[in-house]
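Just so it is clear, A, B, C and D label the chains in written order, and each chain counts residues from 1 on its own.
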Amino acid sequence: MYQSLGQLKETKVFKDPVHRYIYVDDQLIWQLIGTKEFQRLRRIKQLGTSFLTFHGAEHTRFHHSLGVYEITRQLINVFNGRPEWDDQYRELALCAALLHDVGHGPFSHAFENVFGVEHETWTERIILGDTEIKAVLDQVGDGFAEEVAAVIRKTHPNKLLVTMISSQLDVDRMDYLLRDAHFAGVSYGTFDLERMLRVLRPSRDQLVVKQSGMHSIEDYIMRRYQMYWQVYLHPVTRSSDYLLKAILERAQELYAGHYDFTVTPFHLIPLFEQTMTLKDYLALDETIVYFYFQQWMEEEDKVLSDLASRFVNRKLFKYVDYPQEKRDAVHERLCLAFSKIGLDPDYYLLEDKLSRLPYDLYLENGEISRHPIMLQMKDGTLKEISQVSPLVRAIATSRQTDEKLFFPQEELYDLKEFANEKMQIDTLLRGDH
Amino acid sequence: MYQSLGQLKETKVFKDPVHRYIYVDDQLIWQLIGTKEFQRLRRIKQLGTSFLTFHGAEHTRFHHSLGVYEITRQLINVFNGRPEWDDQYRELALCAALLHDVGHGPFSHAFENVFGVEHETWTERIILGDTEIKAVLDQVGDGFAEEVAAVIRKTHPNKLLVTMISSQLDVDRMDYLLRDAHFAGVSYGTFDLERMLRVLRPSRDQLVVKQSGMHSIEDYIMRRYQMYWQVYLHPVTRSSDYLLKAILERAQELYAGHYDFTVTPFHLIPLFEQTMTLKDYLALDETIVYFYFQQWMEEEDKVLSDLASRFVNRKLFKYVDYPQEKRDAVHERLCLAFSKIGLDPDYYLLEDKLSRLPYDLYLENGEISRHPIMLQMKDGTLKEISQVSPLVRAIATSRQTDEKLFFPQEELYDLKEFANEKMQIDTLLRGDH
Amino acid sequence: MYQSLGQLKETKVFKDPVHRYIYVDDQLIWQLIGTKEFQRLRRIKQLGTSFLTFHGAEHTRFHHSLGVYEITRQLINVFNGRPEWDDQYRELALCAALLHDVGHGPFSHAFENVFGVEHETWTERIILGDTEIKAVLDQVGDGFAEEVAAVIRKTHPNKLLVTMISSQLDVDRMDYLLRDAHFAGVSYGTFDLERMLRVLRPSRDQLVVKQSGMHSIEDYIMRRYQMYWQVYLHPVTRSSDYLLKAILERAQELYAGHYDFTVTPFHLIPLFEQTMTLKDYLALDETIVYFYFQQWMEEEDKVLSDLASRFVNRKLFKYVDYPQEKRDAVHERLCLAFSKIGLDPDYYLLEDKLSRLPYDLYLENGEISRHPIMLQMKDGTLKEISQVSPLVRAIATSRQTDEKLFFPQEELYDLKEFANEKMQIDTLLRGDH
Amino acid sequence: MYQSLGQLKETKVFKDPVHRYIYVDDQLIWQLIGTKEFQRLRRIKQLGTSFLTFHGAEHTRFHHSLGVYEITRQLINVFNGRPEWDDQYRELALCAALLHDVGHGPFSHAFENVFGVEHETWTERIILGDTEIKAVLDQVGDGFAEEVAAVIRKTHPNKLLVTMISSQLDVDRMDYLLRDAHFAGVSYGTFDLERMLRVLRPSRDQLVVKQSGMHSIEDYIMRRYQMYWQVYLHPVTRSSDYLLKAILERAQELYAGHYDFTVTPFHLIPLFEQTMTLKDYLALDETIVYFYFQQWMEEEDKVLSDLASRFVNRKLFKYVDYPQEKRDAVHERLCLAFSKIGLDPDYYLLEDKLSRLPYDLYLENGEISRHPIMLQMKDGTLKEISQVSPLVRAIATSRQTDEKLFFPQEELYDLKEFANEKMQIDTLLRGDH
C-alpha cells in the first residue's frame, strides 16, 4: 500500500554534540527535515526560558527532534532481526519520532497555560494540514500522514510503536535527558544510552526491558529525577516562566480593554482572540515574541513595560521558601506592602507549589499509569519494575515537594518605609534568596 | 585613585558547559553582567549563521564573554605571586575580558560588511557612552571606563594586559576555540586549557610562553587551523553568510529606491541611512533581524522575498569548486543562463576565494605580525616560536586556498531548457555538490 | 612543635586521567611519594581481580592514593578562610589522605579473608615502623607520624580531619568512585566533584553538607549504589575473587601438609606460618603472587595446578542464580555429581549471598552508623540526610540481595554421564550463565 | 575451503573505556580471546615503562588487541556493500587484527634491544606453533593460520587487508593513539574515530582516504606527532627504558661471567643463552620480570642491585639537554667524576639522540615509504597526501631532534668533592633537569 521513497545516494550526516553524528539514509526523512515547518523548530528553544538559568541551554526543538529520530534509528537497528519487530514499520516509526514535537510553539508551556493552545493539537494539524510536511508524507501513500499522527497521539493499533515514541521509557525522554544535560552543562542526566538500547526489547504490546537491564533502568529513573529538581524545576527558571506568563496575561488584558499598542502585535492577536489558523501558528516563533517584548519595554502601560523589561534584561523576581503554615500571614503582609508602593499582586506575587514523584507509577487518581516500565523476566513473563527492584519500589511513593514565593524582593526591600514590614516578613520566613 | 567595589558575600557560580563552572567574586563583575547591554549579548549568536551548518552552534556572545572572563580569572590566579604581575590590574583585566565583545551586533560580519558598522567602535561607545555599563564602571573611579576601553582597543600602556586580551594567543581565542568546538560538537578545537595556562608567563611587554610549553603551542596552532577549515570557513556557512548579505543589500537598495515595505523596518532604517545612535544600536539584535526577515518573505519584491524565504527556511545556495582557470568561461555561461530565467547574478551568484595561513606570523604586506607568539627560553631570552619549532616554521608559509562558486543550483538545473548549459558547465567544473 | 618542610621551588604536576592534573607544592608530600613503600602501591591494583571483568580496571592503589591526596588538597583550598578550618592541620590532612591505603597488600580482600592480615594494621606499621615513610614524617617533628596514623585509625581528637578521610562522604570514596568508573569505562560512578566540594563545609566535629547540596548528595549515594551492583559486586568478579581464595587456601593446606613445592614460595611462607614481618610484608605485591601462581600451574597437586591455571588463563567458574528455597536440593545433586568426576566441592563449589543497602545509615545491629551524612540547615543546625530527603529516607531501608552459585559448569555439563543430572539441576534452577 | 565457526547465540560485549563497548559476534573471535596465549597479553603493558611517567598508563596489550579488533569490525561494517570489499575476508581481517601483537613479550622494546628477540617472529610462532590459538584457527581450515600470519607479516596477496592492519593509517595506530591518550590522561591523541572510519575507502591495493577527508588526516597526523613528543618519547620514559636495558645487560654479563645468583633466574636463562623455545617465551611476562628484579635488589653485585632498586623504587636517572658541540668536553669530565666515585659509565651514563618526522613519507634512505597515505580524488585517481595538502607537504621534511644525557645526577651532585666538576659541567650545559 505504501511506497517507500527509497534511500539517498549518499548518507547525509549531521554533526551532533550529543550523539556525535546523526545519520539519514532515507529520502523521506531527508525531505521532511528540509520542510519549512520542521526548519521552524530552529527558532524554538527546547527548554523555553531555562537559558536564563543555565546559559548553555540554547538548544532548540530542531536538535531534539533530530536526536529522537537518531535514537529511534539506532533502536530499530538493534531490534532488526528479532521476530517481534516488523521492519515494514521502520519509516513510520522514524517519521513519528522526527515529527512528534513539530507542533510546539514559542515558550510552549507558558503559551499553553495562558492561551490554552495545545502543542499536541498543532502537531496533528501540521502533519495533516496544508503543509510541506503533509506533502512529503503523502508521497508515501494516502493515509500515511494519518498513521504518523496516530502513533504520536497514541491511537495507532501498533502499541509497540506508540510506546517507543511515548511512554515512561521512550526515545523522546532518552534524547532530552542527554541533550538538556549536555547543553546545560550538568552531569546529572547522562546515562549510558548504548547500554540502554541493548537492554530494550520489542514485545507485542509495548517496549520492554530485559531483566538483566534492571540496574540500567534504576539509573535512568534516578537521572531523570535529578534533572527535574536540578534543571527543569530550578527556581530561577520557575521565576522566568512566571514573568513570561505575567507579560502574556497583561498584554491580553490590555488588548481586551482596547488598549492602544504603539506597535500592533499582529502575530499575537489571533491568540488574544482565539482565532488562530495554521498559517498564523506557523508564523509564530520565539524571535517574533522577543520582537514584541522589546517593543513593549517602551509601552505606556507601566505593568507591561516593567514586566517586559524585566524579562528582556533578566531582572527576575527573587524567591523565598514559603512553608504552608505561614502562608496566610505572609500573604496578607505582602499584599499590604504592595499596595503601598503601587504593585499589583496579581502580576507581582506568585505562590508556587511543586510536588513530584521520581517514578510515575501511580497517576494522581491513585490508579496505575498506563505505560509503566516492564521488565521481561528470564522466563519471558513481564513484571512492572517496582515489583522487581527494591529501589524503585522504595522511591515510587517518595513524593518530594517544594513551596516558594516569588516577588520583586529588592524593590520592596530597598524602600525605607518598608523596613518594618521586611523585618516581620523575614522573621516569618527566615528567608533566603 | 580607583576604588574596588569589593567582594561579593558569597561567590556566584554559573554552570558552563565548557569551563564546568564560572566563578564571580567581584561586585564589579557581578554588576556588569547584570547590565542590560551585557544581557543583550544573549540575543546574538557567537557564530552567526553557523548554526545552519552545525545545529549545535546556538551559543551566544554572552557565553563567550563569560568564558573569556573566566579564563582571565584563572590566568591571573596562575600569575599571582610572580613579580612580573601587578595585581592592581586585576579588575581592569577582568573588565576588559568580560566586555571585549560587548559591541557586537546581530550577525556581525555580514552587517559590518554591508553597512560598514564596526563592532570595535560600538564596544567603545557602549563602554564610554550613556549606558548601565558606564555607570557601573564609573563607581570604580573617573577614567576607569576609559582604561577598560584602552585595553580593548590596544592603546593602553600596559602591553601585558593588551596581549592577554588580544594577540595570537589570547584569552579570547582560547575560549572561542573550546566553546565553538563544544557547541558545534566537533573535537578539532579541543586543547588542554589547564596546561596552556600553566605554560603562559607574564613578561614586561607581553604574554609569553615558557620554552617547555612549545609542543602545547604547536598543538594549539594546529587546532585553530583545523577549526578554521572545518568550522569557521565551512562552505555551507559561507553560503548562508552570503545569503544574509544579499538580503541586507537588497533591502538597502529597495529602501534607497523608496520601496514601500509592508512593515516599515524601523530598526534597520538608521543602518540604511547611516544615522545610527547608541540607543538604535542597542535595540538591534538577532530576534529583531529575524522578525523583519520573516515579514520580508511576504514582500512583493521577488528578490527580497525569495532570498528571505531561503534564509529563514534554509534553502541555501549550493556550491561547486571553481578553479581560477575556468572562471571566465563558467561565469559567462551562468550569467547567460540566469538572464534566461530572470535571476539577477548580483544576488544569485557568488565567487568566493579564501586563503589562509595556519599561523599568522607574516602580515599581508610581508611584515612580521605585531604580536607573534614568543617563547621564553631557559636563559630568559624571548624567541618567536617559528625560530624554535621546526613544525611551526614549516607551516608558517603553508598557505591553503579554496575557491568556490555559490548559486541556486537546483533551480537552474531543474529547468528543461537549461539542460544543455548545465551539461557544458558541469563539464567545465566537473562539479560536486 | 612541628616544622613544615616548606614548599617546593616549582610545583610538581602529575597527569591524571581522573583529576586531569595532580599538584604537589609541599616538600613533605613530594618526599613521601618518592619513598619505596609508596612506590610499591604501583604493583597493587585498586580493584584486585576486577580487571578480569572490566579489562580497563588496571589502575593501582598508587593512582588512588594520589587522587585522594588531590581531592583533599582541593577541599582544603575551599575550606581555607572559613573560621571552622584551622590551616595548621593542612599537612596532617594531606599526609593522612596520601597514606591512608599504604598498608594494602596484593589482592587485599582475598588475602585478608584467607590469612587474616588486615590492611589497616599494616598501614599503621608502615607509618610507624622502620620505613622511608617514617623517616620522612619524622622530619616534621616527633609525634607527627603518630598523628597521621591516628587520623587514619580514627582516634585523632580532630574529628573533622577524621571524617574528611573516613566517613560516608569522605575523600577516599570520592576518588574511588570517579576513578573506578573511569578505568572500568562505566558512567555510573561519575558525579560532579567540583560541585560536591563546593557544598561541603567544615564543622567542629565533622565534615557536613550545606542544605542546598542535598540533591548532590542524593546523586552521590545513587552513583555509589550503582557502582556496587554493577562493578564491585559483579558476579564475574565474585567468581575470580573466589578462585583466588581457593588457590590460597589450597596452597596453605598443602604447605600445612608438608607438600613439596617445585619452587619454594618463600614470599608466602610467612603468611602460611603467620610470622610476617614488616620487611616480609613490603616484599609482597601482585607481581610476586602472579609469579607463584604461574609456577603452580605446573605443580603435581591437581587441585592447585587446575585452580592456578584457571586463574592465570581466566577460565573462571560460571554462575547460576540460586534461590534459597532450592538450595538443599541443588547442593546435594551437585555434590553427588562432583564426586563422580572427582571434583572437591570445598574448592569447586561456592554459595555466595550478597545483601546491601544503598545508604548505610543503620548498622547491622540496627544502631545508627557513627558518621552518617549530615546536612547543615540554613539556620545552622545539623540534620541527618534521611530526615530531610524523602528519597534517601525511602531507600535507607531498601535492601537488595543476590544469591548465586559458582562452579565449573562447562566441565560438568560437557560430560555425557552428567546429562541427566544437568537436566534436573537446570530444571531446579532455570539456570542462566 | 574455509568453514566459518559461525555466530555466537548472543553477542558478547566487553566494556571498554576507549570504544565504550567491544562487540563479539563470531565464535572464532570469542574462542581466540579465551586462549591462554591471548589472555597472557593482560600481563604485558601496552606502553612498557611509561606508567612510571604517566601513572594512568597501566593498560595492557590485551586491551589494545581487543581495540584493534573492534575498529576493524567497525571498518568492515562501513565497507560492507561496497564493491571493493569482499566480505569473505571478514574473519581473516578480524583474526589478523586481534592477533597482530600476540607475540609481544615483557617490555618488548628493551628486550628486543638487549636480547635481539623480535616480537614479529614470536607472533608468527604463536600463530603457527603448538598453541591454543593455532588449534582454534585450524578449525576454520588448513592454511587459515598461515593466512593470518601472512596478513600480519605483510606477505598476503590481499594488499587491502595488509594495509588495513599495517600502514601509516592502520587500525593498529588508530587504536593505540586513542587508547594511550585516554589512559595517560592526555588529550593530544584524541581524534574523531567515527569520522575517520567514514572517510576511509577500500581500494584494490590498499586502504585509501576519500578526498573530502583530507583535513581529518591532517588532524590525525598532527595528533600522532604530538603523542610521540609528549608521551612516547617523554624523557622520563626514556630514562626508565634505559634503566631497564642496563639491568638486563648487567644480568646477562653476570650470567656470562658465571655469577652465582641468589635465586636462579630460570625464566631468563633461555634469553641469556639464546635458546628460547615457544614454551619458554610464553612463560615470560612482566610479572615474572618484576619478580626477578625484586630479587636482584638484594644481590651482592652492587651494579645489579643498585640498578634494580632504582627501577623498582623509581629512582630514575635525571637528564640534561646535551648539545652536540659540547659533547666531548662534558663526556670527558663526567667519566672522570664517575671514576672518582666508582660509577661505571657503561651503566650510569647514556647519551640519547632522537630525531623524528611528523609524517614518514620518506624512508631514511630517501626513498618514498611503501605505504604512504593516499587520497582518492573526486575523479577516482589516487594521490599521495602531501601532493594535495600544503600542510602535510610543509611538515613532511620538518625533522625534530632532541639530544639528552642521562645520569644519576643527584648522587654526583651531592658529593662535596664533586662541587668543582659540577660547576664546570653546569657551565657547559646550562643544565636543566
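The rule is short, and it goes like this: contacts are C-beta pairs under 8 Å (C-beta built on N, C-alpha and C of every residue); 3 or more make two chains touch, one makes a residue touch a chain.
Model, not experiment: these values are computed from the prediction.
Engineer: Touching chain A and chain D alike: which chains?
Structural biologist: B, C
Engineer: Farthest chain from chain C, comparing Cα centres?
Structural biologist: The chain farthest from chain C, judged by C-alpha centres, is B.
Engineer: Measure off the straight-line distance from the CA centroid of chain C to the CA centroid of chain D, and report it in whole Å.
Structural biologist: Centre-to-centre distance between chain C and chain D: 32 Å.
Engineer: On a C-alpha centroid basis, what's the spacing between chain A and chain C, in Å?
Structural biologist: Computed value for the inter-centroid distance: 43 Å.
Engineer: At least two partner chains per residue is the criterion; list those residues in chain D.
Structural biologist: Answer for chain D, listing residues that touch two or more other chains: 20, 186.
Engineer: Which residues, counting only chain A, touch chain B once they are in their complex?
Structural biologist: For chain A paired with chain B, touching residues are 14-18, 20, 34, 36, 39, 42-43, 51, 54-56, 58-60, 62-63, 66, 182-186, 283, 285-288, 290-291, 294, 312-315.
Engineer: Under the touch definition given earlier, write down the residues of chain D that touch chain B in their complex.
Structural biologist: Per the touch definition, chain D meets chain B at residues 186-188, 190-192, 215, 218-219, 222, 225-226, 229-230, 358, 378-379, 390-391, 393-395, 397-400, 430, 432.
Engineer: Report the residues of chain C in contact with chain B in the complex, numbered from low to high.
Structural biologist: Checking each residue of chain C against chain B gives 13, 20-21, 194-195, 198.
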